[in-house]
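Okay, so chain A shows up in both of these, paired with chain B first and chain C after.
Coming up: the complex of A and B.
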C-alpha cells in the first residue's frame, strides 16, 4: 500500500522525479561503463599475457640458495636451475582436465652480436611445434615466425624483439651470433639466422627479448635440459583449481617443484590491476557522492514542498514511522527505476562503443594502441543496483529525520 | 693477558720489527723482475691444465699454447671440442664450432668460473704495473716482500694490486687484485713451484671476491717449452688449429 502511494507521489511530481531519475540513471550508466572498461582491460591484458608465452602456469624447480651461483643451472651466470624428468611431468600434467598442452622452455641470457654491434639479450627458447597446440600467439612485425619444426644443426633460427633488432640494426635474413655461458661456466658462440622481428607488447621487454627453438638454446648452452614447463589451459577461470590439482605431481617429482601462475609470473598485470582498481574506486566514490547529494537534495526538497501535506497526514492519525517509510519507498522506487533506465542506457552505450572500434593510446610501457572495448556481465548490474539502492537509502535519511522532527501545528501553518 | 703471554710478546715484538721494513727501490725492482710470474714462464710453451671450481665444477681440461703475448686455449672436454680462445694483439677471440666467425671477447673474459687467461699465466707485472711501495714481512715460511703495485695504464682491468713474494726463493706466493674503487676483486695463491726446468707454479688457486669468494683451482698437468707456430693464432685460417693432435 505504502509502496503504491510512494509511486503515485513520484508520478505526481513528474519534473522533480525525472530530475532524480536522470541523476540516478546517469550514475548507474557511468558506473556500468567504467566497470565494463576495467573488466575488459583486466581480461584483455591477462589473456594477452597468457597467449604471449607466459601460459596459465609454469612448473619449475624451486630456486635454492645456491642456485644464484649457477649450481645445477642450465646456463652460467645465475640462470635458473634445470628441470629434471620434465617429460614425465609433462605427461602427468597433460592428462589433467582443462589442460590444453604443456611446452618445455629454457630461459637464458647472453650477448648477441652481428660483428659491429653487440647487445645483451634475455632468451626464451620454446618448442615451436607445440605453440599452436598451446594457442600461443607471436606478434611478428617483420619477417616470419619460427618454423614449427626443430631446426637442423647449423641452421638455427631466432626472432628478435623490436628494440633488440633496432639496437643491432638487424633485419630478417641476417645472421647474428649468440654468446652465452654454458652450464660448465665456459662461453659458447652460436650463429642464428634472424627469421623475424616481433613484439611482446611491452617496450622494455622488446629491447631485450630473443626467442629461439628449444633445440637451438640447448645447442648453445651445451645441454639437453630445460628450465621449466609452461602449461596452457582451455580457460583461465580454471587456473587456481589446476594449480592446486598438481600436488601429486609435486610429490612424485625427484626435485622440489615450484608452480607459479601467470599473475605471479607477470607482476606487471598486478600493477596495472592495482592502478585501474584505484581509479575505479575513486570514480565510484565521486559518482556515489554526486548521486547521494543530488538525491538527498531532491528528496529533502520534496519533503519541504509537501510539509503542509505531511502535517495534514500526521493530524489525521498517520504515524511518523509510516511517513518515514513512505519516503523510504519513494527513494527505493527512484533507485529501482533509475537503475533500470541507467542500465538500459549503459548497455546501449556499451554495444555502440564496442561497434565503433575506437583506438586508445598504448598504456604505460606498452607498445601497441589498444581498442576501446567494454565487457559487462549480469552480476555487474546486480552490484550497481545494490549500490544505488544503498546510496538512495542513505540519501533518504535526512528527509526521514525531518519528518520525525516536524511539528503538526507548524506544518499545518507552513506557507 | 697472562704473564707468559706478555713475556712472549716482549720477546717476539723486537724480532718482528727487525724482520719487517721498507725494501729499497732498486732492490724492490730487481726482486719483482726476478719473481714475476709472467716473466718466469717460458716465452713459448705448450701446457695442459685442469681447471676446477665454482660454478664451473669440473675438472675441465684445457691446453694452452703461448708465444710471447699471443695465447691459444684449446678446450679438451668432450662437450667443448672444437672450441678455442685466441689472445692475439691485445684482443681475445672465441672460436666455436657453431659460429662461422671468431667472436671478440672482453679482456675480462673468464675461461671457467672466475679464471681469466691473465690470471693463469700472468701478464708480466713490471710491464703493466709500477711499484708504489715495497716492504719486508715474515711468516712461518720465512721472509716475504710485499709489493703494492699501481697500473701504468688507466685502462688496466685492476688498477692496483698487492704482490707477495717469498724473498729467498724469489717466487710469488700470492697476488691480490683490486678494482678502481679499491674493492678487492681476485685473490690468487701460487703453490708448488717447480725447482728445475721451466719455472711455474704447479697449482694456482683463485678466489673471486666479488662472487662470495667462489674458488677455482688450476693445476698444471704438464708444461713443455717449445716453439709455437704463429699460424695457431691466425683468426682467418683454422688449418693449423685443426691439425693439432687430439
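Coming up: the complex of A and C.
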C-alpha cells in the first residue's frame, strides 16, 4: 500500500516530478552513452593492439640478471635471450583450447640506413606465413604487406613504420641496409627491399618500428633461434585462463619461461584506460550530484508541502519508520521510472549513433581517428539502475530525517 | 461513570505552555479531568482556551510539561513512542477540523489505511471498511477521492476512518467547524448515535454553542482552566 501511495504522491505535482524524472533519465542516458563509448574504446583499442602483432600473450625466456652481459642473447647489445625449445612449446600451446595459432618472433634492434640517412630501429620479425592464421592485421599506408612466403636469400624484404620511413625518406621499392650486432658481438649488414610503409596506430612506435620476416632477421643476426612465441586466441575473454593454463608448459621447458599477456606488453592500453576511467568517474560524480540535488529538492518539497498530512498519518498510528519508508518508495519510484525512460532513450541513441558512423579524433598518442561506436551490455543497465537507485536513496535521507524529527502537533497545525 | 468505574481517560494537574517568539503562552494551567467509558463529552471554549491542546495531550500526540494523562489507568508518558503509536492506531480515533484525509486515496482507501497499518487481513479489511462507511452513510461514495466529496462527506469519511478501528475513544477537534449549520447538526446527530450504538467514548472540542447545547456533558475551558463541568442526564 505504501508503494501505491508513494506513486500517487509523485503524481500530485506532475511538473516537478517530470522535471526530476527528466534529470534522472538524462543522467541514466548520458551514463549509458559514456559507458558504451568507454567500453567500445577499451575493446577496440585492446583488439587493435592484439591484432597489430602483440597477440593475446607472449611466451619468452625469463630475462634474468645473467642476461645483462648478453650471454644466451640472440643478438648483441643487450638483446633478449633466445627461446630454446620453441617448436616443442608451440606444439604444446597450439593444442590448448581457444588457441588459434602461435607464431615465432625475433625482437632485435639496430641501425637502418639508405646511404644518405640513418636511423635506429626496433625490429620485429615474424613468420609472415602464419600471420593470416593468427588473424594479425597490418595497416599498410603505402606499398604492400610482406609476402606470406619466406623470402629467398638475397631477396629480403621489410616494412617501415611511417615515422621511420619519413626519417629515412624511404619509399616502397627502395633498398635499405640493416646494421645489427650478432650474438657473438660482430657487426652484420643486410640489404632489404622496402615492401611498404605501415602504422602500428601509435606515433612513438611508428617512428622506430621495422617489420620483417623471421628468416630475414635470422640471416641478419646469423642465428636460427627466436626470442619469443606470440599466441593468438579465438577470444580475448579467455586470455587470463589461457595464461594460467600454461603451468605444465613452463615446467617442461628447459629454461625458465615468462608469459606476459597483451596488457602487460602494451602499457599504453593501461594509460588510456586510466584516462578514460578518470573522465568517466568525473562525469559520474557530476551526474550523481545533479540527480541527487534535483531529487532531494523534489522529495523535500514534497514533504514540506504535505507536512500536515504527514502529521495526520502519524496521529492515526503510522510509525515514523513507515513514513520514512513511504518517502523511500517515492525515491525508488523516481529512480525506477527515470532509469527505465533514460535507458530507453539511451539505447535508442546508441543505435542511432552506431549507424551514423561519426569519426572521432584519435585517442592520446594514437595516429588514426576512430569511428564513434558504442557498446552496451545488459550489466551496464543493471549498474546504472543500481547507481541511480543509490543516489535517489541518498537524496531521500534529508526528507526522511525531517519526518523523524517532526512534532505531530506542529505538523497538524501546519498551514 | 459510576464511582466503581475507573475513568478511561484521566488528566491530572496538566500544564502545557508554548513559546511564541519570546512570549511563553500557557495553554493549560493545571487541568484535572476524568472521562469514563462510553461517555460523550464536549470540551467547550473560545479559540485559544486550550481545547485542542487538551485533546492532543489526551490522545498522546504531545507531552505535558507537568501532570499526567492516564489511559485505562496507565500514564501515557510511561509508554515508549512506538507504544503510543500503537495505542493511537488501535484504541484512539482522531477526527480533525479540516478532515485531514489523504488526498491521493479514495474514501475507501482512507478508511482502510489504518486497518492496513494494523495488519488486518484484506477480506476483513473490506468488511470493516464497508461497514464503517455504511455507518456514516457513505457506502455509495467509497470510490471517490476527497476532492470529489463535499465537506460533510469528507468529515464522514474522517469519522469512518476513526470508527473502523473500533477504538475505545474518539477524539474530535472542532469536527463541525468546517461544515454549514445543517451539516454540522447532522454530524452531531451521527456522533451521538454512534456513541449510543458503538459504546465508544467520544470527546470533542468545539466553540459552537449550538452543539454545546446538545451535549450530555460539557467541560468549559477558559484560559487553560476548567471553569465548569456540566453533566446533563
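Rule of thumb we're sticking to: the second predicted complex is superposed on the first by the 415 of 415 C-alpha atoms of A that agree within 3 Å, B and C clash if a C-alpha of one lies under 4 Å from a C-alpha of the other, contacts with A are read in each partner's own complex, and residues count from 1 in each chain.
Just so it is clear, a contact is a pair of C-beta atoms (placed from the backbone, for glycine too) under 8 Å apart; a residue touches a chain by one contact, two chains touch by 3 or more.
Every value quoted in this text rests on a predicted model; they were computed, and no experiment measured them.
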Joint occupancy of chain A by chain B and chain C, clash or fit: fit
Partner chain(s) touched by A:188 [first = chain B, second = chain C, both, neither]: first
First, second, both or neither for A:115, with chain B first and chain C second: first
Which superposed partner A:177 touches (first chain B, second chain C, both, neither): first
Chain B versus chain C as contact partner of A:152, first or second or both or neither: neither
Which superposed partner A:222 touches (first chain B, second chain C, both, neither): first
Chain B versus chain C - smallest C-alpha distance in the overlay, whole Å: 83
In the complex, chain A residues that touch chain C: 1, 5, 8-9, 11-12, 308-309, 312-320, 322, 407-409, 412
In the complex, chain B residues that touch chain A: 54-58, 60, 75, 77, 79-80, 83, 85, 94, 96, 98-101, 103-105, 109-113, 211-212, 214
Contact footprint of chain B on chain A as seen in their complex: 69-71, 73, 76, 113, 115, 154, 156, 175, 177, 179, 182, 184-191, 219-220, 222
Chain C to chain A touching residues, read off their complex: 56, 59, 61-62, 81-82, 85-86, 88-90, 93-94, 96, 98, 100, 102-105, 113-114, 116-118, 161-162, 165
